[in-house]
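Heads up, the next two complexes both have chain A, just with different partners, chain B and then chain C.
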Partner chain A sequence: MSEQDSASEKSVIEELFGSITALIESQDPYDRLMLEAYQMSLARTSRVKRALEEQKPTAAMGGNCIPEILVAMDIEPFQFLEFPFQDAILYGGMEGLRDMVDKSVEMFGPHMCSFVRLACYAVEARLAPFPTVVIGMSSICDSGSAAQQLVSNHPDWKNRPSYSIESPARRDEKSYEYIAFQLKELVAFLEKITGQKLDLDKLKEVCEISNEQLQLWWEYNELRRAIPCPSDWKFASMVNQMARYWGIGKPESTAWLKKAVAVLGEKVKAGKGLEGIKEKIRFFWFDFPPIIWGDRLFRSLAEEYGAVMVMDLYSDNPPHTMIDTSNEKAMWMGLAKRATYDFGMPRIALGSADLYRQDTIRVVKDFSMDAVIWPGHKGHKDAGALVNIVAEQCRELGVPLLNLGCDLLDDRVVPVGEMKKKIIDFFQITGLA
Partner chain B sequence: MAVFDPYIKKIDEYRAEMKSRGRQVREFEAQSVAAGRRLRLDPAAKPAVILREDSFLELGSPKAGSCTFTLWTENTALIEDGKIVLIGPDIPEAPGRDLPFGQVLLLGGESLDDQEYDDLEVTARLGYQIEGYMPRSTARDLWARVNRKAVAQGFGFAGLGQALMTIYKNRHSRIQSMAVLFVTASKEDVKILDDIATQVQKIEKEISRKNWQIKGHDLDCSLDCDSCLDKSVCDTIREVLKIRKAKKAAAVGC
Partner chain C sequence: MRTARAGELLKDFSEITGTLYNPHIGDWKKRGGKVVGIVCCPVPKELIQAAGMLPFRIRGTGSQGTELSEKFTGDLCCSFPRNFFNQAQKGKLDFLDGVVFSNNCDHYRRLYDNWHAAGIRTPFLHMISNPKRIAEQARQWYENEMVALLNRLQEHFGVTVTEAELEQAIRQSNETRRLQRRLYELRKAGHPSLTGAETLAVMVASTCMPPQTYNQKLESLLSELDPAGGSHQGIRLMIVSSSLDNPVFLTLIEDLGGLIVADYSCFGAKLIGPDIEENSSSPLQALSRHYLTEAISCPRLYGSHPQRIQFIQETIREYKVEGVIGDWLTFCDTWNIFHYMLKQELKKDGIPFLMIEREYIPSFKGQLKTRVQAFLEMIRG
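The block that comes next holds the complex of A and B.
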């Protein structure tokens, strides 16, 4: 067993977040900010758990959905899998998580996306907390659709209030109007269920804060162009969470994002990259980062080969939809576009394959990438069909691509040591290392 | 390649319309951009970061609005080579501002064809080779920063247009003539360009789709429901969804 494969020997916190102790002791502004982000994340978790316990309005969401509306209505949003996942790790460590993964495989077989399969298991094993409402969205993700079916038909869940947004494949005014119509319908539904009315002025305020947060996110991302790159993937994930998930519409998140831009800006001015890393290779990780085993892989690649993961698909944020709050219609249209087509999986997976190609050109050129790593997550079957297009585009750009093959959750499918070996071979064969 | 010719004419009409609305319209000749106003280009450069505090101004931020697209034709007579048109304030006239930004590149070449498109798409991302300029863009938006030092040394739209022409002509030997339109007058003026961009983008997507089909890849289906073999399946799903939604709405009474 290689060093990278010995995750279970380490404490869970260390595995997921690096050394918290070191962060607490550090005086480096970058580390201080990271610590502050973790504290904010924990405070938010406690708040949502309290809301669940006290049966205050909460909404379980399947994907990105529409946090702005929920925040404006004082409904706490959370991801379906969030708490069973956290509890498994916090109470059982890596072994606890792996035990849960194994049980989910026994129940649903190995072919679903592991994250969604865990969510399904949490429902079946009665580990998932009951929200006030469930909000879903149509998706290209076959596992996601299966999970929605499970929730819709499960005896514990089928009679719970739920609303599912249907996203058309087209991206035009007509589609946005259709989604905006559904969002208004959703609000009426939420008002009926929770008894809490949407105040349009409050929604406007949240959208304006959210607009500012997105601009700060873009600002932060631009700083990642710098050579050497001043930010690691964990910091990037935190920025993503602040600007696009639990920090949306919260002034304290805006304050954190401003500090992040300032701290990173200072690092760029000083020509500083990641602490202790001499950057030699910059690569694009063309999927979301593997939160469980990412640190083991990326840290050792950076430390031993100077190979830095500069951008991933989920902390990249190319579209520029600002919600126009000058009138109500424009606001709904802006929310519709942002909710369904701007970010992450809804953006890329519901669009045409051309988006993958365009993203490849943009990220490779703008961020001076030396290589593209296509993780090939076994759950992302839709994306698996597109790797040849991305590979062809990479060939035209003169940048090598590695189709890795992995499970973004469970590193027993392809062990981290094995992945690292493949990546190093790839760097050596292509002359990068 | 005449498919963009009507849009090139639309750009001429747009320019005339802006003039008739009283916008400040200035024209420059790339060949006569003074040596001191020419911008330094480095083909080996990597994209640099220009911090907000070092920026003289921003162009086309999401708040201010932006739009960019490229039109090309084999009818070189339609393109006045070296012409740079600016509608609105020039860079040195707008310190500290966040200007709306429209940029249209017009290319002419007797042998320019659809095959050139893929490479043009890459060239569109090479603006960072211009010293003091940090463009960041998607297919249709262009958000840029110009640093203070560059403006002090004469960075303006005449120089930017000329530099873009150099980048394009160096990479594409088939380009015989090139003109550039910049718009910074107002968000509304850029929005009019964006409406043209919507149509242009549809054509570009089709060109790209065909180019990649030749390479053996399908980028998109036609999205034409009437000719789709699975239409009946989708119709059934929609009916089921309608019924389920109606049932749910009835259950909660909304």
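The block that comes next holds the complex of A and C.
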């Protein structure tokens, strides 16, 4: 039976998140927390859907770079692709999603990032809900930037108010000033369109909560350094969501993060790794994790070979910008830096080769990595052109690097079974397995 | 009609374009002149001219493959930078005294790092961060980037650039624009006196030879061509493309019965655009305004698509275009999406559109040829 067949036999939820029943039945505090996070995530989805229905201020985003501002202004952010994506899966299962991917390929060909391509398709096929405003990042990657133009040229979207933030191709005070200027311009734009006013005290409060959340995220990641690693990538994604996306500024997310740090701390004290896994190989996944097929790949690698994905670029925790809220200028500069330098896609896509080198060194050393896997997502064309530079760095560090080649969304481009075989061969050739 | 002299001049332009190190560069270097490579339209060549150097728009002409590049660029990189990077690694761009890179696209941007990593010993390397949105703040950023480039050029090459020299460079490049506009006017004739492939050769030459010599040569060519028209005929096509620098590709289309009478492309109409403001109180401000908001915009620039689509629609009308070919290099997301948008717009206008996917080194066999033939047949009705 192929990987794909076995995937379609499971329920979609199980496929993506593992057994929810097992989570519900488990008394393990780690599992309980995971369940709580899923519940909070569902509550947030309902909240945004309600806001869309009731035409309360919402913002569809192409990049996730400024949640603090939106939270402070009571504007619900959501990702462009989020709802069409969820609907496709909920109503059509994996096949529904694959059907959508195929249609998007018919429109835009196979060479584009599948996330952007699906977002474009969702707009073209009139599947995406209308937000109050559209916020994009015109510099994050070529496809994202072109997609924003496509959206703003679509007859249904032409007149939707939109704003695009641009981050220069370098990092210095001047760049942050440039971004800070745009953030302030964005606030003026949002105030005009939504009628919501930005209260600077509220922004300060959100920034302070967010600082605390990032500190907790950092503590959580410090615990992941332990051998064996006490937490898996799905839990880490939830930490990321709490600290960086929909949980920002929310006291309940802070409470959850505190519990996460405490629970993980206990696990580390007890020398416990992942349930049922005898950790032998620790690897760094040098991109964001593949939510659709990640569980299939990572779980089987861990179960069969003791190979644990200890860190990915999305859950990575570079030294974060703690926003200085003592004065307004410092606050805007901190937000600017955080928006484009600290996390996820902006950091990955806009970072210099040196930043990639530094991240490689830091993560490999801090998390005692045995190997680096470069997924080679076909959307990340800028990053793809850095693989040799990172490979050189890995050679210097004495850790092997595998350039896998995949599509982080569509597992038909390179099937999971094929990826797994490549990874196992790589472990064997390098003497890790 | 076309005179024998016109034929010679066109042959000359085509020879200049057919190689990287052309005789004009050789002469320039022999006289001690410096040559600085630029990678895309919004790296303002006028700054390099004003510093007394020759701007050279980098191409991959003559490349036979990308075997040296692949290790660095991975396999998702557009073949245009992949080919010129290969040429650079083979030493074919060793005549460059410097290269100014830009963040024009994800593929170009990483070449800056890889140029270093590959150990290519170009003495001067600089990266300019071009804005990707249109706004006054972005223009100011861009102006500051120009100041930074000028400072580095002055520092590295030990030259001083005055405002008068900047003004002179602007005047000279406007002169080129005016001449090129006249060249494009000739293509409006019912039977133009030059083909699309010939026009492209003339245009590409402007990116790789001293501007003064180029202007004189183009002036001579224009005086030899009859504005009333010539003998070329075929289905009147417009080509919309990015890094199209090889006239052979157009010859292949024209041999099938098409005639490229207009374009929107990086080595074509985009080089012309409107004049840069002369005698402005700040030449750098004029330059940044020109490249960001006045020049024919690139799809990389957020918010510029209405202007771009309008330019293409007007060109179709003015040049009596019967069909549009959207030329696309594999892996280029920017142009992939733009072509999709353009197709929708042209559909509304009833203009036939054909998108061609290709690699930088033109090969025009089998399916592609059949598709172009079918497209031309469809227009012929």
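Criterion: the second predicted complex is superposed on the first by the 427 of 433 C-alpha atoms of A that agree within 3 Å, B and C clash if a C-alpha of one lies under 4 Å from a C-alpha of the other, contacts with A are read in each partner's own complex, and residues count from 1 in each chain.
The rule is short, and it goes like this: a contact is a pair of C-beta atoms (placed from the backbone, for glycine too) under 8 Å apart; a residue touches a chain by one contact, two chains touch by 3 or more.
Quick caveat: nothing in here was measured; it's all calculated off a predicted structure.
Partners chain B and chain C, brought together by superposition on chain A, clash.
In the overlay built on the shared chain, the residue A:Ser26 is in contact with neither chain B nor chain C. After overlaying the two complexes on the shared chain, residue contacts for A:Lys365 are found with chain B alone; chain C is out of touch. Look at A:Ser145: by the touch rule set out above, it reaches chain C but stays clear of chain B. Of the two partner chains, both chain B and chain C are touched by A:Glu392.
In the superposition on chain A, contact of A:Ala353 is made with both chain B and chain C. Once chain A of one complex is fitted onto chain A of the other, the partner contacts of A:Phe189 are limited to chain B, with no touch recorded for chain C. Using the contact criterion defined above for the overlaid structures, shared-chain residue A:Ala169 touches chain B and also reaches chain C. In the superposed three-chain arrangement, chain B is struck by just one stretch of chain C from 78-86, 114-122, 204-212 or 330-338, namely 114-122.
Comparing the two complexes, residues 166, 169-170, 185, 352-353, 388-389, 392 of chain A contact chain B in one case and chain C in the other.
Put simply, chain B touches chain A in their complex at residues 46-49, 51-53, 61-63, 66, 118, 121-122, 125-126, 128, 134, 136-139, 141, 143, 205, 208-209, 212, 215, 217-220, 223, 241, 248-249, 252-254. Put simply, chain A touches chain C in their complex at residues 107-109, 111-113, 116, 120, 136, 138-139, 141-143, 145-150, 152-153, 164, 166, 168-170, 174, 178, 181-182, 185, 349, 352-353, 376, 378, 380-382, 384-389, 392, 403, 405.
Residue ranges on chain C touching chain A, taken from their complex, read 71-78, 103, 105-107, 109-111, 113-114, 117, 127, 129, 131-133, 137-138, 141, 144, 299-300, 302-306, 309, 330-334, 336-338, 340-341, 344, 357.
Across the complex, chain B is touched by residues 161-163, 166, 169-170, 185, 188-189, 192-193, 211, 214-215, 218-219, 222-223, 225-227, 265, 268-269, 318-322, 352-354, 357-358, 361-362, 365-368, 388-389, 392, 396-397 of chain A.
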